[in-house]
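Next, two complexes with subunit A in common: one pairs it with subunit B, the other with subunit C.
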Partner chain A sequence: MTSRLGRLLRGAGILAILAWSLGPILIGVLTSISTQAEVQATPAVWIPKSISWDGYRALVDSHAGAGLPGGTETAAFGRAMLNSGLVTLESTAVILVLSVFSGYAFSRLRFRGRIVVLAVILATLTIPVFALVAPLFRMMAGLRLIDTQLGLVLIYLSAEAPLAIWLFYNYSREMPREPEEAALMDGCTRLGAFVRVVLPQMGSGIAALTAILLLATWGQFLIPLLFAPTLNSKPVTVLITEFVGKYTTNYPLLAAAGVLAMLPPAVVAIFLNRHIRGMLSGWSG
Partner chain B sequence: MAGITLEAVTKIFPGTTVAAVEDLDLTIEDGEFVVLVGPSGSGKTTALRMIAGLEEMTHGRIRVGDRTIGNSPPRTRDMAMVFQNYALYPHMTVRDNMGFGLKMKRVSKQQRNERVERVAAMLDMSELLGRKPKELSGGQRQRVAMGRAIVREPAAFLMDEPLSNLDAKLRVQMRAEIANLQRRVSTTTIYVTHDQTEAMTMGDRVAVLHQGKLLQVDSPQELYRRPSNLFVASFIGSPAMNSMPAEVERCGEGISLRLAGQSLTLPRDSMARFPHLSVQPGAEVVVGIRPEDMQDPSFESRGDAGQTLEMRVERTEMLGAEIIAYMCLCEPDLKGRRAHAEATRPLGAEQHQDRNDLPAIFTARLDPRSVFKRNQIVKVSVAVDRIYLFDPATGRSLG
Partner chain C sequence: MPGVDLKRGVDPGLGEARDSATPNVIRHEESRLGWFLVLPVLIVVAVLVLYPLGFGFSMSLRSIIFGSGIPDHFVGLRNYQDVVTSSSTTAAAVHTAGYLIGALVLEVAAGLGIALLLNRSFKGRGLVFAVLILPWALPSVVSAILWQRLFAPNASGLLNSLLLDLHVISAPHVWLASTTSAIFLITLLHVWGVIPLTSLIFLSGLQSIPDDLLAASAVDGATPFRQFRHITLPLLRPALAVALTTGTVVALAIFDEIYVLNGAALNTRSVMMQVYLTTFQDLDFGHGTALAFLLTGVTTVFGIVYIRGLRRVEH
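Showing the complex of A and B:
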C-alpha cells in the first residue's frame, strides 16, 4: 500500500517538475501560433482555433512584418540570430582550444609558478560579473571594442575559460600518462603525442564542454545588453526584449521569436545530451 | 641494435635529497637480456625511465652503442617500451596501435601493414588486428604491447613490469614467451620487475637494486650461489635464505659458529672460503643458510648428517614434492621468553618475528617423506659446506 502511495507521489512529483519546466515552452509555442486577438481574449483561449503563422512569417519576411506592432524589429531578427550564432561559435571555439591546451599544460608540464598561475585563474571565478561591469565597460570602450563581436568573445572568454581550464586540468590529471609516454617512445614530440593520443581520448570531455559552452554563450543576456547596443553585434536574446512595445505588444511575434531562438540550443542539447550527462555524472572517458 | 652503457647515472627528484638512483654503472651487451630487480622504491623503474628518456638524469651518462644520448627526448633514442598497464592507444585498433611507431617514422602504409601482420602472426594474434584495446583480455593486451615494440625493430626493448597485471598462470606462460621471443629477435632488452622468480628465469644477467644502489649484477646462477651481500642473498631465492647472527670461534683448523647456544662447525677449508672473515674472540657474523641446505637427518641424501641444530617445528606446509617447514632454534631459556611474549602479545596481533624478541623463524625445504610435526623438537641437519657468512655491520659477504 505504502509503496503504491509512494509510486503515486513520485509520479505526481515528476509531473509537477515536467509541467514546471515544459509549461512555459508549451505556452510559448501555443502563443506563437495564435492570433493577437486570441492571446488577449478573456477568458483566455489556450488552444488556438486555427494555426496562425503570422508571427513566424513576420520574422522571416520583413515586409510581412511591416504592418504589425513591433514590425520594425522583425527585420533585425535574422541579423540578431546570425550575431548570436557567430559569437557563440567563435567564443566556444576559442575557449575550447585555450582550455584544452592550458588544462593539459597545468596538469602535465612542470614549470615555475604553475600552481600560482592556476590559482589566480581559478580565483577569477569568485568575482561576480556585476562587480566588473563598470570597469570592463571603460576598458572595452578604451579599446574600441564596444559593439563588436570580438569584444563579446573576449568577455565570454574571460568569464567562461577559467571553469573550462579547471575541468580540463582535472580531466588531464585523471588520464593515465602511459599512452602518452608510449607515444613519446614511438617517435612523437610532446605536441604530437598530445594531438595524436591525448586529444582523441578527451573526445567525450570536449563534446560535453562544447555543449555546455554553446548553451551558456547562446543564453547570455546581461553582457550583450550592455556591450552590444546595435545590430553590429546584438544577439537575439537582447533583441527579443525589444519586441515588447511601449503601448502594445505583439505576443505571437514575441513568442515566435522565442521559439526560434530556442531551436539552436535544443538541437545542441539533443545531439550532445549523452556527453553532458556523462560529464555531470563524473568525467568518464 | 646496440649495447647500452650507464655511467654514474643518478636521479634526485626535485624536492628530495635522497637519490632515487645513485651512481648506477651498468653495461648491457648487444642482444643481452638484463633484468633489473629490487623491491619497490629500489629505483629500478626510475633507472629504466632514464634510459627511455622519460625521466631526466640528474647527472651521469648513457650510451647506446657509441652514441651518448644524455637527456635527449625519447623519440631520438630508438627504443621501444612495454609498460606495466600496456599503455595501448585506446582509440586505435590493434593494427594502428602496432603500426603507430612506424607511421611516425614515415614508413609507407603498405610496408607498415606487412610488418604489423608478420609480427601479429608471430605472436599468434592476427585475428585481433581489427579490434580496439577495450575488446581485448589482459593477456591479449599484453601481446599487443609486445607486438607494438617488436614491429619497430628498435635498438632496445625496455620493459617495465609487463607481467604484473596478469594472473599467475598467464604470467608463467608469458614469462617463457617473452624470454623465447627475445632470444629469437635478439634485441638488447632491459626488463624491470620486483619478482625475483621472473628475474631468475628470464634474464641472461640480473641486476639487483636496493635503495637506489646497484648491489650486484650477475648471471642468475652466480647471484644465487655467490650473493655479494645479505640483501641479495635474502632477496634472491624463494623461500628466502635464513639468516641469523652468530659468534665466530676458532676450532682447531676450522671455525665454529655459535647460534643461540648451539654450535655448527665449519669444515677445514672454510678459512679459505671466507677470506674476509676475522676470527677475533667474540667476532660476530650473520650466518645465512638456504632452505634447501637444511634437511630432516633421516633423509639427508649426502650421507653427512653430522652437523645439526636442534629446532622446534612451528608449522609445516606439504607441497607434494617437498615440505616447507618453519622452525625456530631451541634456546636454553626460550620457553620462558615465549610464554612471556605470548602473554603480553595484544589480542589478534600477528606473531612476532623480531630477532631481538623471539628467535628468527628458519625455513627449510624438507624431503616430502619427513615426518616433522608441529611443536616437535627436532634435529635438523645443516649443509655446513654451503653456509654463507656476512659482515653484520655492512651486510657484505665474507666469502
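Showing the complex of A and C:
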C-alpha cells in the first residue's frame, strides 16, 4: 500500500485512533477546568473561555473549597488517594515477589510435583473473582479484616496473583539459559546464580509485571466497594463514585477528581508502555 | 484489567523443564530450592482461592439470609433453581448478552483494524502505542466519570448538544433511560478500555505471520485482498481465540461502568450487578453465590468453546 490513497487512508486511520483514545480524556480535562455555568450552558461549551480551578480547589485546597458548590472534600480525597497508593504499592510488591520466585522455580528447577502445582495455578486462572467475593467477605469478616489494608492486600492477592504468576512463568520460560548455566559451571550455587545472574536478566519482565500490577490494583473497584467501607482503607475509585451520587451535576469537581485519579496510572502507562506491550503480547502466546 | 480488574487470558499447554545431566547433590539442592520458592504461592492459592471456592460452593447450597431470623439450612440445588427461573435473572442475562455481543463485535472489528494499521513501522509509532494503551490503563470507574458529561440527559450534555446542532435529533434524549441506547453507550465505554488489549493481541498475531509467506504469494500473483482473506485471516485464528476469550471474560463481569453511569437501574442491570445486589443489598448469600457460580460456569464454557474452535482449525 504505497499508493498515495493508501498512505492517506493510513494517516486518517491513525488520526482516528488518536482521537478515539484521547478524546474522552481531553473532554475530561476541559470539563475539570470549566465553571459550573459553562458545563450547564446550552448549547454546550466544549472549550472553556478561561481556566477555572474551582473543581480542583474543592479537592486539594482546604481553605478555598468552603464557599464552592459541593463544599470541600479535601480531607477525604487526599486520604483516599493515599489509601489507593499505599495498598497498590503493598500488593504489587507482594505479588511481584511471589511471581518472580515461582516463575523462576517453575521454569528452571526440577522438583517433584512441579507439573501438578503448575496445573493447579493454571486452573485457578479460570475462576473469576466474583465467584469468590461472597465467601472471601465472610472469611474476612470472621478475621476482622474488613476495612483494613491487610484485608485488601489479601483479596488482591487472590484476584491478581494467579494471572501474574502465569504471565511471569511464560516470560521466564522464554529467557536464554546460558548465563545461568555458565555461572553454575563456575561453581555458583543455585541460589547464588539466581540472585547474581538470573534476577538482573529479568529486568524488563519485572518492569512489565510491576506496571501491569500497579495499573490493575489502582483500578480495582468492586472489591474495595465491598471490603473498604470507610476512609480507613477506602481507595479513590470508590470515593469518586460517591461524589457522583452527591454532586450529580457538578461536572467540574467530578472531572477534576477523575483527572487526579487518572494521573498515576497514566504516568505508569506512558513511561512503561514498551514493557507493558511486550508482556501483553507474550500472553497471547 | 480494569475492570482493570486484570483482564484474564488463557494460554493452553504447560512447558517442560529441560533435562540436563546433573549430579545428585545439585538435584537435591534444586528440589529444595524449588519447593522453597513455590510454597508461598501454593499457600496463597490454597487459602485465598481454593478454600473460598469450596466455601462459596457450600454457601450456594444453603439458605443464608442475614437479618431474616431464619437459621442457615441446607437446601441442595434449590437456590440454583430459583435463580434460573427468576425474571430478574432473565432480564439481567438479556442485558449481559447485549453487552457481550456488542463488545465482541466492536473489539474484534476495531482491534483487527488497529493492528493492521500499526503493523508496519512508521515515524511516531511508539507515541501512537503509548496513546493507544492509555484507555486500557485507566480505572474503568475513572473512564466512566470522564465520559459522563457526554451522556448528560439535558441539552447541555455533549452528545445531545452535538446532535441538536447537527439536527439529528430535535429534543434532548435521556440516553440512559432507554434500554437500547443505554446498553449501547455503556458498551461503547466498556470497549474503550478493552480495545487496546484486543489490538495488541491481534498485532502479535500479525507479527507471527512469516513475511516470506506473503512475499511468495505476491510472487504467485495474489492480490492484497486475497492474501488477507486466505493467509492473514486463517493464521490469525489463535489471536482471535485469545481476543474472544479475554473479551468474553471481562464483558460477562461488566459492573463498574454500569454502577457509575446508571447505578442499579433496572434497564441496564447486568448479571454481575444482580449478583452484587442479591448478595450485598438483600444479604441473600445463598442465591447470590448460586448466581455467581452459574456466571462462572457460563464464562468457563465460553472459554472452552473458543479454545476448542482454535484446536479444530490447527489440526
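Convention: the second predicted complex is superposed on the first by the 257 of 285 C-alpha atoms of A that agree within 3 Å, B and C clash if a C-alpha of one lies under 4 Å from a C-alpha of the other, contacts with A are read in each partner's own complex, and residues count from 1 in each chain.
Simple rule for what comes next: contacts are C-beta pairs under 8 Å (C-beta built on N, C-alpha and C of every residue); 3 or more make two chains touch, one makes a residue touch a chain.
Worth saying up front: this structure is predicted, and the values here are computed from it rather than measured.
By the document's definition of touching, both partners, subunit B and subunit C, reach A:T189.
When the shared chain is aligned, subunit C comes close enough to touch A:F130, but subunit B does not. Using the contact criterion defined above for the overlaid structures, shared-chain residue A:E178 touches subunit B, although it does not reach subunit C.
Comparing subunit B with subunit C, more residues of subunit A are touched by C. When the two structures are aligned on the shared chain, A:L118 is found in touch with subunit C, with no touch to subunit B.
Judged by the touch definition given at the top, the superposed model places A:P200 against subunit B, while subunit C stays out of reach.
Shared-chain residue A:Y104: touches subunit C; no touch with subunit B. Once chain A of one complex is fitted onto chain A of the other, the partner contacts of A:R277 are limited to subunit C, with no touch recorded for subunit B.
When the two complexes are overlaid on their common chain A, residue A:P43 makes contact with subunit C while staying clear of subunit B.
Note: residues 110, 184, 189, 285 of subunit A belong to the subunit B contact set and to the subunit C contact set alike, using the contact criterion stated above. Within the complex formed with subunit A, the subunit C residues making contact are 1-6, 8-11, 14-15, 17-19, 26-27, 29-35, 37-38, 40-42, 44-45, 48-53, 55-56, 59, 113-114, 117-118, 122, 126, 128-143, 145-150, 152, 154-158, 160-162, 164-165, 192, 196-197, 200-201, 203-205, 207, 224, 238-239, 242-243, 249, 252-253, 255-256, 259-260, 263, 272, 275-276, 279-280, 285, 288-289, 292-293, 295-296, 299-300, 303.
Within the complex formed with subunit A, the residues of subunit B that make contact are 14, 52-54, 73-75, 79-81, 83-91, 100-101, 104-105, 148, 152, 158. Subunit A makes touch with subunit C in their complex at residues 1, 10, 13-14, 17-18, 20-22, 24-25, 27-28, 31, 39-44, 46, 98, 101-102, 104-115, 117-122, 124-139, 154-155, 157-166, 169-170, 173, 177, 184, 189-191, 194, 212, 215-216, 218-222, 225-226, 237, 240-241, 244-245, 249, 251, 254-255, 257-258, 261-262, 265-266, 268-270, 273-274, 276-277, 280-285. Across the complex, subunit A meets subunit B through its residues 110, 176, 178-179, 181-189, 192, 196-197, 200-201, 203, 285.
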